[in-house]
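So that you can tell them apart, the chains are marked A, B, C and D in the order they are listed, and the count of residues begins at 1 in each.
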Amino acid sequence: MLRAAICGGSGYTGAELLRILSAHTAIEITAVTSEKSAGMSPADLFPQLHRYAHLKFEPLLKEKLLEKADVFFMALPHGASQEAVAHFHGKGKKVVDLSADYRLGDPAVYESWYKTKHTERAALMQAVYGLPEIYRNEIKSATLVANPGCYPTSAILGLAPLLREGMVSPEGIKVDSKSGTTGAGRKADVSLSFCEVNEGFKAYGLCVHRHTPEIEQEFSAAAGVEVTIDFTPHLLPIDRGILSTMYARHTGKGGLEKIHGTLKKAYEKEPFVHVHDIGAYPNVKHVRGSNECHIGCALNERTGTVIVVSAIDNLVKGASGQAVQNMNLMCGFDETAALTGISLCP
Amino acid sequence: MLRAAICGGSGYTGAELLRILSAHTAIEITAVTSEKSAGMSPADLFPQLHRYAHLKFEPLLKEKLLEKADVFFMALPHGASQEAVAHFHGKGKKVVDLSADYRLGDPAVYESWYKTKHTERAALMQAVYGLPEIYRNEIKSATLVANPGCYPTSAILGLAPLLREGMVSPEGIKVDSKSGTTGAGRKADVSLSFCEVNEGFKAYGLCVHRHTPEIEQEFSAAAGVEVTIDFTPHLLPIDRGILSTMYARHTGKGGLEKIHGTLKKAYEKEPFVHVHDIGAYPNVKHVRGSNECHIGCALNERTGTVIVVSAIDNLVKGASGQAVQNMNLMCGFDETAALTGISLCP
Amino acid sequence: MLRAAICGGSGYTGAELLRILSAHTAIEITAVTSEKSAGMSPADLFPQLHRYAHLKFEPLLKEKLLEKADVFFMALPHGASQEAVAHFHGKGKKVVDLSADYRLGDPAVYESWYKTKHTERAALMQAVYGLPEIYRNEIKSATLVANPGCYPTSAILGLAPLLREGMVSPEGIKVDSKSGTTGAGRKADVSLSFCEVNEGFKAYGLCVHRHTPEIEQEFSAAAGVEVTIDFTPHLLPIDRGILSTMYARHTGKGGLEKIHGTLKKAYEKEPFVHVHDIGAYPNVKHVRGSNECHIGCALNERTGTVIVVSAIDNLVKGASGQAVQNMNLMCGFDETAALTGISLCP
Amino acid sequence: MLRAAICGGSGYTGAELLRILSAHTAIEITAVTSEKSAGMSPADLFPQLHRYAHLKFEPLLKEKLLEKADVFFMALPHGASQEAVAHFHGKGKKVVDLSADYRLGDPAVYESWYKTKHTERAALMQAVYGLPEIYRNEIKSATLVANPGCYPTSAILGLAPLLREGMVSPEGIKVDSKSGTTGAGRKADVSLSFCEVNEGFKAYGLCVHRHTPEIEQEFSAAAGVEVTIDFTPHLLPIDRGILSTMYARHTGKGGLEKIHGTLKKAYEKEPFVHVHDIGAYPNVKHVRGSNECHIGCALNERTGTVIVVSAIDNLVKGASGQAVQNMNLMCGFDETAALTGISLCP
C-alpha cells in the first residue's frame, strides 16, 4: 500500500479525490490538510464521505506530513502551492499538483497572467504537464506532475490532434467553453448561491481567463507554431461538466471523414477518450462522474470551419480523476485503477 | 377593443401570447385554434391560465375565424403557416406570423433550408421582417409581419450595429448560441424529457440549423455584403433564455470604447434593449419573462476579435413578446403596451 | 401618487417589491434603504432592475425617511423591525411589516420562539395580521399590518376554512411544507450555494421552525380552540414556490364533495385563490411570479384523513405580493392593483 | 463467472443495472431484452454505456434466454412480469423481479390495487420480499426475490425498527414522500418533459398510489398488527432520489435518545444504512448514485409525534442496486460486491 496525502482537502477536488481513491486498492489515505477545517473530519463537511469519519483535517505542517505519505496530491490555491510542492518534491516525494503553479513552462507567462512571482524555478523545470494522452511517457518517469486545468483538458483533447496533423489552421481559433458550477469551487459567495445561478447562464472572464495561456501553450506545442486564441468561459446551472465548442479554419487537408479519422486514430487506444461517430455530439451528462472525455466533430463546408465539441466532468477528467490517472502512471499502477466507473446518468 | 385570434395556440408561444395579452387593455382574444386540443380550454392544458377557462380551442376553420378577429397571431408549424397566413392577409387582416415561413425574403433560400416549397410568393413579397429595432417604420405600415426567430433576434440585435458601422468584418463570424428548452416546443419526446435534459448540456444542429440563413440575411443587410456564418446552437437545462456569444474580426475602426459606444448609440432610445457598461455581461436570468435584450461587448486586443454577448427570453423577445410589440406597431398602439413587466428574477 | 419607502431593500423581498410596484400606477418609490449597500442602486445589485438606476440605497435614518414617504414597506430582519416599525407607525404613517415582529399577537409566544424581547407592545396591539382572505375588513382600516410568513400563508389558506367549518379535527394536524430557495434569503452561505442545493432535497428545522406558532395562532382562531401542529419545512432546488401538504382527521361532516365545496365557497369571490377541481392538485410552477394560491383536496376513505395541498410563490403571495395587496387595501386602492399578472410558466 | 440476463433493459433501471454490474467481477451480462429497441445496443440509447456496444437488445424469447443465463433480472412492467418470472423460476433459474408482481404476499391485495389478475400463485408463494435489512436469511436461500418498490424501501427502512420495538403507534402514520423524476421511468410524455417538471413541484396519486399496500404490508409485519397509512408521493425536479418524511405517534417508550438508539442498533452492522446523529437529517444529494439509505429522526415533545426522515437513490437502493444486493445474497457473493461506490456529490 502506498500512503497518500491530500493537501487542501476541504474543497470539491479534495472530496472528489477521497471518493475516487476509496476504490483504489493500492492507496491508503494517511493525511488530509485544511487550515480552516482543522480538527474536523471530511465526514463532517461532506455527509456522503461518512466512511472517512476516522480521518481528521490537519494543518499543513510540512515536516510532519513528510513522514506520513509517499505521494502528495496538492489541491491548494495557486501561489500557495509553489513552495509546498517544491518542498515535498525536493524531499523525494511524488507530487501531483492540481493548482496552476506548475502548468506553464514559461514563468514569465505565469507571472503575467497570475500576477504572482514564481519562486520555484528549479522545481518548475522538472514538472511535466499531466495530460496522459499527450505526455504519457514523460509522466511515467516524472516525480512532479502539473495536473491540467479543467477547461484546458477539454480544449486540448479536442483540438490538439487536428493541429498536430495540420488539419486546422493555428490562426483564429475560438474556444467557447461552458462549465458547471463546481468549477468555481466551494465557497460562500452570493454570486454562486443557488438563486443566482439556477435558471441562469452567463459568460465571464472574457479575454482574461487564466486558462487561456495554458491552452495556448499546448495548442502551440501541437501546431509547432505560436498559437493565440479567443477563449470564453460560461457558467452552466449544473453541478458538473465542461463542454467546449471550438472553431478552427479548415486547411483543406481532407474532408470530414479525414478529420474524424484523425481524432479516432489519435485516441484509438486511449481508455478514457471516446470519439463519437460523425453526426453525433457529446453531452456533459454522459460523462458525469467518470474520467471520460467525449468528442464530436463537424465540418462546415459553406464556411470552411472545423467545429470540435468535447465534454468532460470538470471534477474528474478535469481535476481529481486525471490526478489519480497521473499518479497511477507515476507509481506504476494500472493507469485505470479506481477510474473504471461508468458515468452516473441520469 | 381590437379582436385577436391565435392560430396554433396550444404550444408554449400560444400560452405566452395569452399571458402577455391578458395585460393588454386594447386587445380582446376572441379565438384560439388547435386541432388536437379542440374543445378543450387553455386552462385545461395550462393551469396558470385558469382565467381563460371560458375560451375553447377550435379547429382552424378559415372562414369562421375571418369573422371573429381583426388581427391574427399565427403560431403554426412552418410550412403549415404559408397558406393560412396568406389567406387572412389576403382578406385584409393584420397578421403577425411566428413561423419561419415569411422571414426569408428569397424563397429559394427558404426552400433550400426548409425543404418545403413556398407557394405564397405574393404574400411573401409584402411581408416585413419584424425586428422593430431595425424595421420599425416598415412594421408600422405593414399588414403582414414575419416575427423573427429566437436565435436570430439575439444574434442580430447584438451584431448588426457593428456590421452596419463597419466596426467588425463581415467575414468569419461565429455565433455560438445557447437556448433554454422551451425553444424546442411542447411535445412528448424522450430527448426532451426532464431526466435527459436536466444536468446536461449539448450542441445540436451543427452547420445545418435553419436559423442560419435568417441570421445571414440580416447580417448581410447590415454589412451591405453577403455574409456567411458559423452558427452552433446548444441546449441549456433551463426553461427560458437564449445567450449568444459572437466572435467577429475587429476592423480596427476605434477601440472598445468606440465599439461599446456604437451599441449604446444604436439602442439609446430603444425601450427593450439594454447595453451593459464595459466589463459587464448579460445573464439570461435577468431577462426571464421580459421583452428585453441585454448586450455586452469585449475586444480581445491580443487576437483582434470583437466578442458580443446578448441575452433574451426566447419566448418573449424571441417570440410572443416581440409578436405583441409588432402588433402594437402595426395597430398604432403604444409600442410597449402589455410589455412593460420587469423580468422575474430569481 | 402615494410615496412609498422600502426599508431593507437589498434582499429578494425588496427586489420583488420593486418589480411589483413598477406596475403600480398610484405608487411612487421615493426611498429604499440598506446599510451595507448604501450608495449603490438596486440596478447595481439586480441587473433586471436597471430602470431603477436613479434610486440609491440609503441608510435607515428615521427622521429623514419620515419626510420622504407616506407608506412604509419594512423588510428588515426580525428583531430589528420592532422599533423602526413602531417609529413610523407612531408618526402616523401606514406600515406593512414583512418581518415576523408583529405577527404573533401574544408577545410571550414571540419571545419564546424568537428568543428576542418584544419592546413595542403598544404598536403590537394595533397590528393586524395581513391575510386579506381572512382579515380584509380589519386590514382596510389598519395602519399597521403584519404581513404573514410564507409558510403560514400557504398553510392557513389551505386549512383554515375546513377548521372553521368543523370539517377536520383540530388535533393531530401535520403540515409538511416544501419551499424554494429564495425563502432562505439572499446571502453568502456555503449551504445555500448552487452545488449544495441543486439536485438535493432535505428537511430542516424539524419541530423548531419559527413559523410554527404563527400557523398555530391562525389555526386556533379558525378552530376556536388551541391547536398544536407538527410542521416540517423542506428545501426545494427551485427558485420560488411553497407547496404544503397537510393532513388532518376528518370529522365525518360530509364527504369529499362537502370538503371541496367548503373550500370553493370560502374562496369564490377571492381574486387570488384558486381551488382546483376534485382530483386535480396544485404545482408551484403554476403560481410562479403571481400572487395566486392554488389549492387541492382529497379524502382518504381508508384512513379518515383529509389531505389539503396548497401552492404559492413564496416571494409574491408569501411576501411582497401580499404586502402590496395589504397596502392596496389600507390605502383604498383596487386590491389587485399591480398584482394581476399571470404566472410565468414555464 | 455467472451469466446474467436483464429482461426489459431499455429503461432507467436496466441502464442502471448495466452501470452497476460493469463493476461486478463475478457477473457477465449475456443478454438484455427489449421489444421496441431490439437490434439496437444499450450504447445506442445511452451514450454513457458505450462499452456495451457489443451487446444487442433482443426480444424476450423465453426458450432462447433460458440457455443464455443463470440469473435473471426482470425489469418488465407489472402484469407482464408475472408469467416470465414464473417461467424462468420454474426452470430452476434464480430470479430477481424488479416489478411489483411478486411483492404483495396476498394476491387479493395485488389484484385490488393493480387491477390485474395474479395468475402465478405458486411462484408468488415462493417469492421473498427483497429487503436484505429485514429478510437477509430468507433471501440467501431464495430462488425468487421480489425487489421492493422505491418508495417502500425508503419508508420501511425508516420506520420498521420503531414499529417493531413499539416506539411508535401503528395508527395514524403519515408517509410524505418526494421522488426524483427517474422514478417515473423513461418515456415520451409531455407531463415528464423538462419544461413541465423543472422549477415545479407537485403531489400526485393521493390516496391511490400502488406502493401504499406494499408499505402497509411491511409496517404490519413489523408492528404485528394491521397497519393502514396515508401515503402521499410528490415529484421533485431532480434526476434521482427519494426523501420520505414520516409522522407517527410516540408511544412514550423512552425519549429521543431511545428512538435514535433503536434505529442505530437496528442498522449497526448494515453496510448500506447510515443513521445520522441526533439533530442531523438526510439529503437525497448525499446518496446519489450509491446503494445507501440515510436516516434521521426527531421527537416533537409538544405534540408527541415521532418524525423519521429517510433518503435513498431511487434507482440504486430503490431499484437496481438493491437488486444486485439481493442477487449477491442469493448467489453467495459478498453482499456489497459492485456496490461499494461512494455517492456522487455534488
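The definition used in the following text is that a residue touches a chain if its C-beta (ideal position, glycine included) is under 8 Å from a C-beta of that chain, and two chains touch if they have at least 3 such contacts.
What you see is a predicted model, and the numbers here were worked out from it, not measured in a lab.
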item: Which of A-C and C-D has more C-beta pairs touching across its chains; value: C-D
item: Centroid spacing, where centroids are CA-atom means, of chain A and chain D in whole angstrom; value: 36
item: Distance from chain D to chain C - Cα centre to Cα centre, in angstrom; value: 39
item: Between chain C and chain A, distance of the C-alpha-averaged centres to the nearest whole Å; value: 46
item: For chain C, residues contacting two or more additional chains; value: 12, 182, 195-196, 198-199, 237-240, 282-283, 285-286, 288, 346
item: Chain contact graph, described as a line, ring, star, complete graph or other shape; value: complete
item: Residues of chain B that touch chain D when the two form their complex; value: 12, 181-182, 186-190, 192-199, 237-239
item: Contact set on chain C toward chain B in their complex; value: 12, 15, 18-19, 22-23, 46-51, 182, 199, 239-240, 274, 276, 280, 282-283, 285-290, 294, 340-346
item: Interface residues, chain C side, partner chain D - complex; value: 172, 174, 176, 178, 195-196, 198-204, 206-207, 228-230, 232, 234, 236-241, 243, 245, 247, 281-286, 288, 296, 298-303, 305, 307, 309, 311, 346
